[in-house]
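For reference, the structures are reproduced in the following blocks.
Presented sequentially are two complexes of subunit A, the first with subunit B as partner and the second with subunit C.
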Partner chain A sequence: MEYPEIDRYASLDSPVHRFDPRTKIATFTFLVFSFVFIQEITIALFALFFSILLLLVSKLPIGFVFKRVQVVLIFVLPLLIIMPLTVEGTELFSVFGISATHEGLRYASLIVIRAMAAVILILTMLGSMRFDTTIKALYMLKVPSSLVQMLMFTYRYIFVIIDEFLSMSRAMSAKGFNPGMNMYSLSIIGNMVGMLIVKSYERGERVYQAMISRGYTGNPKTRTAFAMRRTDYVLSAILVGFAILVHININTVMM
Partner chain B sequence: MTKEAVSIRDLNYSYPDGTVALEDINITIEEGERIAIIGQNGAGKTTLFLHLNGTIKSHNNNVVIFGKDIGQMKSKERIEKVGIVFQDPDDQLFMPTIFDDVAFGPINMGLDEDEVERRVRSALATVGLTGFEDRVPHHLSYGQKKRAALAAVLSMEPRILVLDEPTANLDPRNRISLIRLINNLNRNKGTTTIVAMHDVNAVSQLADRIYVLNKRMVADGSPTEIFMDFDLLRENNLDAPDVFRLFNVLSCFGFNCESLPLSIDDAVEVLTKTIEGNGKHIHLHIHEHTHEDLKDIMHRYDHHAEPSK
Partner chain C sequence: MHISDGVLSLPVIAAGWIITAALLVITLWWAKKSGGIAEQIPKLSVMTGAFFVASLIHISIGPTCVHLILNGLLGVVLGLLSYPAMFIGLTLQALLFQHGGVTVIGVNTMNVGISALISYAVFKVGYKKAISLPVLGALCGALATIFTVVLLAIVLVTTGEEFVGVAKLAALAHVPIMIIEAIITGFVVAYLAKVKPELLPIYPGDRR
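Let's turn to the complex of A and B:
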């Protein structure tokens, strides 16, 4: 099992890495919102191309990002089959009396392209800074504290829980357990997952005790020191400009 | 005159599931004392510690720290008084980076930025983790995590430092430096230290007084008093330090000294003193009772044996 280390390449050096974290989050989020409202396939492709360009600029390994894009694709790709069959419209072709529509295919492609563009953007953003920086930036952007804390603790303890899972499964294989697809195996694995939940719950309790012991009252405060530079303003202007541009374009095309 | 740092009166505690963890606990610890609490697994050491800083609230106002009921204290006052380092470091390093974690307490105490910075640096330097500020907790080794967790409590500069199993899983060098560190805090800053530990060989280096816990406080005394009491040790599943046992064995061979040593350092001192006071040599021999005495001594330490007589 692999650790979900989204910030493995945070120490690379690129314009995207150097971008002020707060501004990066704000502008990338703006871009993502702008992209998901695109209605034209050509413009969506253009947006996808722009995301890939940003990814290239960030120097993050393509494979690292693509592996994570795949996960999202598993969820959206089926739309390419389902939507043409369900959306009403002009017929493209028909098999066994079920007809696929032009509109369906168009919507599905639009969704897939927009999703990819957005996911690549988000991965580029998250991958180009350390996760603790992301958390601090979110905190400074006045994202509700409970949300930031949830993110923070999830990220901190996902590693511990994976370790716990690994040591449990090692302990089981040391006792001669070979997972297979039978009732016995499944019930053992069910037990293991149950144990993991109980363990996590109890750990949560102990962590909370440790936090109380150090004066936690509901708002963890951290020290943050970010400073905007000229390049940050330039880069955000470009990104925001592009986010607006893709929508202006639609209007001129439609007029 | 010394002040009472901790005073607990008639404390009882059961977990919500009905497990009785503590019964009729009474303890008094003076400021500046070095205390160890020993007891078998499940004896209630951790549960007792959770009461010391009000994490578990007792409803009868029976945990009093420096004359004040812990339940009445504001969080800031509470953490200035009592700092607890728990057993599992993963439970305690909950912030994204080591710096944030060590700064967590001081920030909650409302200190200004420079002071927070100063305390983090000094705490990390004390535990030998300078340069680890930006590291993330899940990439540290167990011993490093353990030291980082200690730094996170040291940075609050508490007047009472409570450590649950501080030496467990540390390599020898780190164990020695941890013991030295705790003793330095006690000597130089007058910090009251309370440790729970299973390592009886190290107990006497960290404590002048020992409480033996087994749901109830079954005994309280100097390390020598506690380790001399074979029945007490056996009934509570405890061991005596190896050096102490060895000198018990030596006494069967006719070695006489004033007080039996509890650690290697003590042993060096005792041996030197005894030999010098004895015409620069000692005489060991086997006499008629030696074999019986040996059997008796070994029997007393045997956990599986029936209590003698």
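Let's turn to the complex of A and C:
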């Protein structure tokens, strides 16, 4: 189990890092929603290169991004094998009577490229600012306050609870517990999850009492002021322009 | 299993967001009415964090390993508020670990959240019918996984005929997950009934 260190490289300096957080979230989200509905492989590849270009501009370490892109690849790469075999269409080749189709391969490749483009954009966006800045920007973008607050508190307590869980499992392995695939191990894991829930429930009570005694009413006050500069307008105009461009049918423009 | 970005079609993603938004409005309105949101936010956040961490536990079965979903347990413990908790949990999974994707948070929350709500209803009914708690917990864990897979298959097949094969394989891959979820949920419910029964929606008067 690892800490979710999504913003480890937030202190670097690049045009993406300097981009106003509110505008960054709005334009990158727009781009992601635009890219995942691209229908042509060539345009999808173009979008993927655009995402990689933005990533390079942001100067985030490639290793940091690649490690996280892998998580998505584990989910989508199997489609490259499954879909050619299960989708009906013109035959590409056949082995032992099982045929792979052109349509299946095309559709699966499109999915893989779109997923890659989307995850690289999201990583560039989140990796280039502190996560609490992201949450503040969401609040200023008028995302419902109760959801933003829950997002913030949950994010903070994840670190505390991971520590709690790790100390529990360290204590268990010190006493010789070696998890395997049997009923006894599962019962122990069940008890650990139960203990984690009970501890967190009691912690929640204490957190709530600590918060109301400091005057918490459910309405947060933020003091961060973000300011838009000219470069923010230019950058967001370029990104939004690109997001719209990939959906303009090239044939109709040519005519 | 969470669907990634770039898989689903526009109508499916839009429907997912609309259903999730509607259920969030309803459940949060209900939270506001019963007990006040200022009380629910800190408590629910800590519990969501606990379930988030519990879902990071991986259990190895043969060569592969599975992550727990625990949406059945979430439904039993948090009741209606399991829906916003699931929404926050999946949002953080998408943002922090790239499990799932940002555009599909609506759809993924719908798949696991509705199953959590069903599991809550099953637990309440089962308790009145005097089913023993560990068995009832295991039943809820299994049912929540089954409903998640059914919704996942519906979502995939609605996107396109091309996904019928993928949906079948995904359903097959969930059989071991369902068994593990059932066993773990059963043990957790038994533990909670012994240690902290007020966390379960059980009232001795309900039992005949």
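Following the convention adopted for this analysis, the second predicted complex is superposed on the first by the 233 of 255 C-alpha atoms of A that agree within 3 Å, B and C clash if a C-alpha of one lies under 4 Å from a C-alpha of the other, contacts with A are read in each partner's own complex, and residues count from 1 in each chain.
As a convention for this text, a contact is a pair of C-beta atoms (placed from the backbone, for glycine too) under 8 Å apart; a residue touches a chain by one contact, two chains touch by 3 or more.
Not measured: the values here are computed from a predicted model.
Look at subunit A after the overlay: subunit B and subunit C fit there side by side.
When subunit B and subunit C are set side by side, the one touching more residues of subunit A is C.
Of the two partner chains placed by superposition, only subunit C is touched by A:V198; subunit B is not. In the superposition on chain A, A:V160 makes contact with both subunit B and subunit C.
Look at A:D132: by the touch rule set out above, it reaches subunit B but stays clear of subunit C. After overlaying the two complexes on the shared chain, residue contacts for A:A117 are found with subunit C alone; subunit B is out of touch.
With subunit A as the corner point and C-alpha centres for all three chains, the angle toward subunit B and subunit C works out to 70 degrees, nearest 10.
Legend: residue contacts after superposition of the two complexes on their common chain; A:F177 is shown touching neither subunit B nor subunit C. Once the two complexes are laid over each other on the shared chain, residue contacts for A:R214 go to subunit B alone; subunit C is not touched. When the shared chain is aligned, subunit C comes close enough to touch A:G104, but subunit B does not.
Between subunit B and subunit C, the minimal CA-CA distance in the chain A superposition rounds to 7 Å.
Residues 131, 152-153, 155, 160, 203, 207, 211-212, 216-217 of subunit A contact both subunit B in one complex and subunit C in the other. Only residues 1, 4, 6, 29, 32-33, 35-37, 68-69, 71-72, 75-76, 79, 82-83, 85-87, 103-104, 107, 110-119, 122-123, 126, 131, 134, 144, 146-147, 149-155, 157-158, 160-162, 165, 179, 181, 183, 186-187, 189-191, 193-201, 203-205, 207-208, 211-212, 216-218 of subunit A touch subunit C when the two sit together in their complex. If you check the complex, the residues on subunit C that touch subunit A are 1-2, 4-7, 9-10, 13, 24, 28, 36-39, 41-54, 56-57, 59-62, 68, 70, 73, 77, 84, 87-89, 91-92, 94-99, 101-103, 160, 162, 164-166, 169, 180, 183-188, 190-192, 195-196, 199. Looking at the complex, you find that subunit A touches subunit B at residues 130-132, 135-136, 152-153, 155-156, 159-160, 203, 206-207, 209-217, 220-223.
For subunit B in complex with subunit A, the residues that touch the partner chain are 50, 53-55, 75-76, 78-79, 82-84, 86, 88, 90-97, 99-100, 103-105, 107-109, 113, 116-117, 136-138, 152-153, 156.
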